[in-house]
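Here subunit A shows up in two complexes: once beside subunit B, once beside subunit C.
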Partner chain A sequence: MASAPTTARSRPSTYPVWFFLPAAIIYSALFLAPTFASLYFSLTRWTLFNSVFIGFENFAQFFREPFLIQGLMNTVMYAVVTSSLKVVLGMGLALLLTSNIIARGYLRSVVFFPVLVSTVGVGITFTVLMHPTQGMINQGLALIGIKGPGWLTDPRLALYSVALVDVWKGVGLATVIYIAGLVAIPRDYYEAARIDGATAWQNFWHVTLPLSRPATATVITLSFIGGLRTFDLIWAMTKGGPGFASDTVASVIYKQYQAGFYGLSTAGNVVLFVLIGIIVVPLTMFLNRKQGHE
Partner chain B sequence: MKRRASIIGGVAAIAGSFVVFVIPFIFIILMAFKDKPQSALRDFSWPQGFHLWDNLVQVVTTRNWMMITAFINSALITVISVTLLVVLAAMVGFVLARRKTRMNGLIEFLILAGLMIPPAVVPTIWLMQGLKLFGTLHGMILIEVAYNLPFSIILYRAFVATIPRDLDEAAIIDGARPLDVFFRIILPMLWPVTVTNIVVQSVGIFNDFTNPLYYLPGNQNATVQLTLYNFQSQYNTSYNLLFTNILLITVPPLIVFLFFNRQIVAGMTAGAVKG
Partner chain C sequence: MAGLEFKALHKTYGSVPVIKGVDLSVDHGEFVVFVGPSGCGKSTLLRMIAGLEDITSGELWIGDKLCNDVEPRDRGIAMVFQSYALYPHMTVYDNVGFGLKLARTDKAERDRKIRDAARILQMEALLDRKPSQLSGGQRQRVAIGRAIVRQPEVFLFDEPLSNLDAALRVDMRMELAKLHQDLGATMIYVTHDQVEAMTLADKIVVLNGGVVQQVGAPIDLYQRPANLFVAGFIGSPKMNFAEVTVQSIDGTMATVTSKDISSVSVAADTSRMSVGDTLTLGVRPHHLTLDASGTLVGGVSLVERLGNETNVSLKLPSGATWLVVLDGDHNLRGSQALQLAVDSSTVVLFDKTGQSLLAPR
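And then the complex of A and B:
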């Protein structure tokens, strides 16, 4: 449907450029400007009233202090664990929920609803459920003779317990994204595979998985960015503890801000920004390029 | 045979999903019905007597009716910022989809940047202080608009692209003034995606905890998510009140879910299946 160009210089345009303006002003003033300012202030010792330029000292500190390095590692681990679990479980649930299983509507609603619930509310609820002796999870495990671990009190486990709750809350979103991807696959492919005598496994591996690649790309990108930036769930459940065992960059940023180390906190922001840049940009490019070859 | 297998599978799925996804919510409800000594046990048990009303009254009246203030604040922030988001994002999405200029590349880059880059917290506070926006409701509203614009613009741009350009031209030929094309013809046609925008963004902004924590300090400014956080320490021994609070702030998303389930899913899966 090619249409004639509608430029008319003498009268006001139907597509005025000033339509960008209100959005651009708000976005630039409250998002872009602080982002650029952070590049400078991360190089300073800063009290909000005056700043002293100290070069890369804040960043050096980030890679020197053991608890800050741990925060960095935790952030990456958290993002990897949550996004891979969301891919696997989301795909599994979507396959289940697009098959002709009974009570599909109920199952979809139940899996999806946690996505809409307050993260802090979920965090507090699971903190109670995960209590080592009085929590329902360990009491339930005791019933079948398993001694449950100290989910949030064991330093080796705390981060992964929070990650599990993140998956509990977020897998519904991954599932609906996969469902949208699965129902868009043309039936003909399965028909052709059936005529060729493909097994269920071959069906999944050679038809479903490659053709739901856009959905996989979306789920991975969304949950990876979300995982790297995660703050509210960690803060509601462990506040980075025990010790610094479940600290992430985002919780370090908040702690340094509270302690009044504004320069260091801002350096944390820049570190997170760079981290997202060097992981997510190549990841997205990889996922989208592969898709072109299929 | 196949039919029976699918029924067995279905029953297993229902049982599994019930344990994993439903029981935590039943736990919240049960806790909200209990009195203080029983809730302190934090076990999965039937409430002895129904104390929900007492708990509700106590949660709402604590700290000078802070809960009411918080609900008003959250409602104001959500309604005003979502309204702004809808109008501003629709304007950008419309021109972005219709006009091919060299600026488009830059704008698309900025949209992606907005989706990925975590906001620089302290510089934002510093700037907001300079603009006298820090710790004010209107400042918080503008922050929510700035942070959520990229997602809304993407939704609108994709939808505008499906409306044929011929429509604009027909309107012009029929004598519509240039601005009428957007405000009287296109904007009403965007209604489905506007509904999606409204529900997805209002749930997100209502549930936002991190941004009010940073940019909206002070008790008179509390939002509902922060009441939960503030009461967490105060109610250290009163789990019944803490869970009544959780129940209370889960009701608005539940209502949205019951009425707009389809639009939410449509909005959140947008972009997942590009051809």
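And then the complex of A and C:
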């Protein structure tokens, strides 16, 4: 009796492979091949039409880039700021939007709406709004007697101004993830805590926060990866400026592409890929460590 | 130390009434079981005691305190939930001590109480585990431990055994009975399982449609059901019913007949019936015995042999099906004709409105 299934297991059927094959071919053509090709081209002097193998010369040159260190620091800072704010604001908005407030459904749509808007469109709009003299933000501040800063023109502020816009645009997604996490917490936990005499704050601290950890892990992971590879909003709003003040690794790479250094910029992309892996893999493992959840 | 008093308790959700005027008195130390079918309002009533549901009207007294508007934490109650509601991120120790921590109980005192509860429930070895590392029975113990450390005056249990398998349910039932004996606290227990109700309760409250059908000791409810609903709900297997006609009345004895039963004399409240009335006769499956001179005849349609007893589905001449539980093992064949005697001292008559016509004691 037992021998038949064992034999079947030792020779897996080829039948399921036929179902897997189309997806595998598409994935290989669109993802695996370009990834391995870029690994190769990062080791060449590449003009798009021909390439000459030069070993790790591109990587050495990339790390000699004068503004790379600042770009790296900006990238990490940008990822930390945007993901932290998305966690805090996303959780806050989700708590609000799962409570019994009026027009809850409408407000959920309002919060999610910016996620649907084109990033470049948002960038251009906020560039206008953040204009130091004619922007609506500074004009509004002037009405109450505050002289607004140069949001995008002050080198100390530019990166954080873009980060704020990124948060405005992305917090809707974080909120939706948190809403899904919060509504999945069984009501019994809150009722048990209520009988034990928990205040609203104790409810949040001892029940909501720990039990929404899977949602927090998802929000942090997604927004951190998004922050590390940010490019479109930076490019639409500051082009890495003023000077190189808001350059990120991705904008540095793009500038090298523009200058025609294709091999060099591909090496930069490989570096960015490794950087994201080094930061995000342990972060995800930490966030998703087993906590006795059922 | 506290008993409870409900005075005309009502609960409505919008315009839908769920609890329709419950009056009940629970003495201190009593084990009271609310029992009834799904949707009868038993859990809602329990949650009203806990303070998790508002009281629409009426009064709820716990001890000598009117508790209608008292916060759950100040009612002197503890509740064990059907789902156990153990926090998955906390160890057993932290789960049990959570309420004490919120109440800012001194750490040493807290530790003592947690370990005391663990000792009572024999779960000292589990204190460092997370809920996911526990079996269903162990989780149940932890949930009870969490209630014990609060030293409440009233324990509330909301179907606490319904997630356990049958064997474990029997064990936990006995442990709960022992716990009640040891602690001597008032316990209110909700279940839809009438066996749990019969075995645990000092007093059973049978609910249906938000109305109390009968309150009494388990054996009273079994032997002297107030109406058809209680008669059908209490007792397993269910009571058999048949429409009968009153043939004669002699003092407190009424003789009834039907298509299926030639004649049975029943002690009843004969002042509420007259000859020719149509009544309902209730006979428990255990109160029918094989007897060649019996008044009930039917054909076997299904047999379940359990070893110590035999459950028989009996097709009666009227087309009705009755269940018979015979002591011991009987090797019966399908369609075999059986003649059975009805133990007339245990049968109950019900009037047209479903109220029982039991003779006054």
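The rule we apply is simple: the second predicted complex is superposed on the first by the 273 of 294 C-alpha atoms of A that agree within 3 Å, B and C clash if a C-alpha of one lies under 4 Å from a C-alpha of the other, contacts with A are read in each partner's own complex, and residues count from 1 in each chain.
Just so we're on the same page, contacts are C-beta pairs under 8 Å (C-beta built on N, C-alpha and C of every residue); 3 or more make two chains touch, one makes a residue touch a chain.
As the structure is a computational prediction, the values presented were derived from the model and not from experiment.
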Original post:
So if we stack both complexes on subunit A, do subunit B and subunit C clash, or do they fit?
Top reply: fit
**OP:** For A:L96, decide between first (touching subunit B), second (touching subunit C), both and neither.
**Re:** first
**OP:** For A:V207, decide between first (touching subunit B), second (touching subunit C), both and neither.
**Re:** second
Original post:
Should A:G181 be classified as contacting the first partner (subunit B), the second (subunit C), both, or neither?
Top reply: first
Original post:
What is the contact status of A:L173 with respect to subunit B (first) and subunit C (second): first, second, both, or neither?
Top reply: first
Original post:
Touching A:I26, do we find subunit B (first), subunit C (second), both, or neither?
Top reply: first
Subject >> Contacts of A:P149 with subunit B and subunit C, given as first, second, both or neither >> reply: neither
Original post:
With both complexes placed on chain A, how many Å separate the closest C-alpha atoms of subunit B and subunit C?
Top reply: 12
**OP:** Using the touch rule from the top, collect the residues of subunit B that touch subunit A in their complex.
**Re:** 6-7, 9-11, 13-14, 17-18, 20-24, 27-28, 41-44, 88-89, 91-92, 94-96, 98-99, 101, 103, 107, 110, 114-129, 131, 142-143, 145-147, 149, 153, 164-166, 168-169, 172, 178-179, 181-182, 203, 207, 209-210, 213-214, 224-225, 228-229, 232, 239, 242-243, 246, 249-250, 253-254, 256-257, 261, 264-265, 268-269, 271-274
Original post:
Which subunit C residues qualify as touching subunit A in the complex?
Top reply: 50-52, 71-74, 77-79, 81-83, 85, 87-89, 98-99, 102-103, 130-133, 146, 150
**OP:** Give every residue of subunit A touching subunit B within the complex, in rising order.
**Re:** 1, 3-4, 6, 11-17, 19-20, 22-23, 26-27, 29-35, 37-38, 41, 46, 48, 96, 99-103, 106-107, 109-122, 124-126, 128-129, 131, 134-136, 139, 168, 173, 176-177, 179-181, 184, 214-215, 218-219, 225, 229, 231-232, 235-236, 250, 253-254, 257, 262, 265-266, 269-270, 272-273, 276-277, 280
Subject >> Footprint of subunit C on subunit A - complex, ascending >> reply: 186, 188-189, 191-198, 202, 206-207, 210-211, 213, 291-294
